[in-house]
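Next, two complexes with chain A in common: one pairs it with chain B, the other with chain C.
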Partner chain A sequence: MPGIYSLWIVGRNGGLLYSRDFVQLPPIEFNDKLRLASSWFGMCGISAQLSPMPDSSGIQLLQADTFDLHSFHTLTGTTFMLLAEPQTPDAAELLRTTVYELYCDYVLKNPFHEMDQVIKSELFDQNVVALLQATNRRWGVGLPPQ
Partner chain B sequence: MFQSKYGSTGIVDKPFRPGKQEVALSAFAYLFSELVQYCQSRVSNISELERKLDEVGYGVGLRLLEVLAYRERGQRRETRLLDMLKFVHSTLWRYLFGRQARDLEQSNTAEDEYMISDTDLFVTKFVSVPREMGHLNPAAFVAGIVRGALDGAGFPARVTAHYVPVQGQPRPKTVILMKFQNYQAIMQRDKQQ
Partner chain C sequence: MPCFTFYIFNRKGACQYYHEWQRLKPVRSGAGSQEEDFKLMFGLFWSMRALSSALDPKNPAKQQMGAPQRIGDGCSFNSFRTSAYKLHFLESPSGLKFVLTTDPSVGSLAEALQYIYASLFVELVAKNPLYSPGEPFLFEPFSAALNKYMRTLGLLS
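The block that comes next holds the complex of A and B.
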């Protein structure tokens, strides 16, 4: 069954800026999350250097038997990670257009946000949750407890 | 006299027409965000930040009064309080936001207080005020514009912007509160006209 599990945003220096689950998932400790996020950031950097051609974007999709990890790198170096059920249609598209757009609107245009600091914008949180829950509902995935 | 060397008409030869002058919302939002950050780096507390935004808006308001009276009203100026409030509520608002303000009302508690309320002004659209900043409303900038316009028309007032929660709505509305100075004198002047 398709569905979106969670969204992580990693800053330009590998720090975790935002993470949010959209279904009930086994909890990961916060320190572990930070470590995983910066490891993923490092791996994307390495993968870009492995490319035989210059200007590679690095890892875009990691497929496992239980999940897909879609990774999107903006031109300025922020990394968006979306964990989804395998074969979820349009997940990469969702990340690259809609989620990125919300980030540009409610995070970057917020005067109280500082680059590469943890995202505290309430409006961004509300809109991301509303969007991805609506997406999940469309596929019949239950609501997570708030 | 001011004719350009290169073109047939210089800028002063062109008629001063209203035209539709709109700016991209994103461009404005980034500029406004920078403005708030600039002000923030020069103040030490929230009320100073509000005052700073208000001061920036004041200059805009004074100029807007001039230009709107010329463009939209054929040089006619409002001299009565109610007409002036309607000018702010409709003409000024339409110029700034592309539509009239939601409500214009007189306060129940004090007769020298008037309120203009609206939702989703573009200065508050993308802004999430952090909790530690409490009552700050970035529409202090709009309050400054209103104060400038009122002051220029001869109705000096203290203008402030507030968030007011609305039942059944996820987002609070913004109320611009105008408290007029010398209200009795204004009323007397109104009567004499």
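The block that comes next holds the complex of A and C.
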């Protein structure tokens, strides 16, 4: 069954800027989240370095036993991570277009926001939650934690 | 020719076998030297595995990130993909790690790696009396069978 678990945003220096779960998940401590985000950032760099082919990007998709981790690297170096059920259709597309659009509209266009600052925009949060929960509902995934 | 390189690592993280079919970006402009390349590659999938088991959304009793892990415990990963290549990964129950890099358009090779482990490695390497476990090896029948199998998969012309 497809479904989207959570969205993380990692800044240009590997810091975690935003994280949000869309279904009930076993909790991860906040410190662990920070460490996971920055190790993902490092792994993306190393995987590009180790590439057998020239001009590699960072990791776009990690397929684990129980989840898929889609990752989108913007041109300015921000990384979006979307944790989803394996075989979730269009997850990469969702990240690249809709989530990124919301980020541009509600975070980047906010005159008080500075790059690599933790994202505290309520509008962004509300819209992301509404969007991804609507997506989950379309697939019939259970109610979100409140 | 969509397959690039193939590595086998022993359980301690030393590279036992390496073969490259195609490597357009030489090691020198990547990790620096072949030794460094093996070390970085091991570090990469080791931490990838730690990350997978720490992120696992279906295991409420998962360990903290960085806690020592037994082989086969927790959630592992099958592959990851960048814009230039896809890396397929298999860990055997004895801790051997098989890594194959291919073109990003290639589908899942989990079964193919399982076949390479069970039918090629075990038959042609582990049963070879000259093979000492954990040491680097270079056996012609294994290399030939690997090439042949890659061709049957359509990954090698």
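Going forward, the second predicted complex is superposed on the first by the 142 of 146 C-alpha atoms of A that agree within 3 Å, B and C clash if a C-alpha of one lies under 4 Å from a C-alpha of the other, contacts with A are read in each partner's own complex, and residues count from 1 in each chain.
Following the convention adopted for this analysis, contacts are C-beta pairs under 8 Å (C-beta built on N, C-alpha and C of every residue); 3 or more make two chains touch, one makes a residue touch a chain.
Quantities reported herein were computed from a predicted structural model and do not represent experimental measurements.
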Three-chain arrangement built on chain A, chain B and chain C clash or fit: fit
Touched partner set for A:Gly58, first chain B, second chain C, both or neither: second
First (chain B), second (chain C), both or neither touched by A:Ser39: second
Which partner reaches more residues of chain A (counting touched residues only), chain B or chain C: C
Partner chain in contact with A:Phe67 - chain B first, chain C second, else both or neither: second
Touching partner for A:Gln126 - first (chain B), second (chain C), both, neither: first
Inter-chain angle, chain B to chain C through the CA centre of chain A, in degrees rounded to a multiple of 10: 160
Which superposed partner A:Val118 touches (first chain B, second chain C, both, neither): neither
Which of chain B and chain C A:Lys109 touches, first, second, both or neither: first
Least Cα gap, in Å, left between chain B and chain C after the two complexes are fitted on chain A: 29
Complex interface listing, chain C residues touching chain A: 4-5, 20, 22-25, 30-31, 37, 40-41, 43-44, 47-48, 50-52, 54-62, 64-66, 75-85, 87, 101, 108
Chain C partner contacts - residues on chain A that touch it in the complex: 5-6, 25-26, 28-29, 32, 35-36, 39-40, 42-43, 46-67, 69, 83
Interface residues, chain B side, partner chain A - complex: 26, 29-30, 32-37, 40, 126-130, 133, 138, 170
Contacting residues of chain A [partner chain B, same complex]: 104-106, 108-112, 120-124, 126
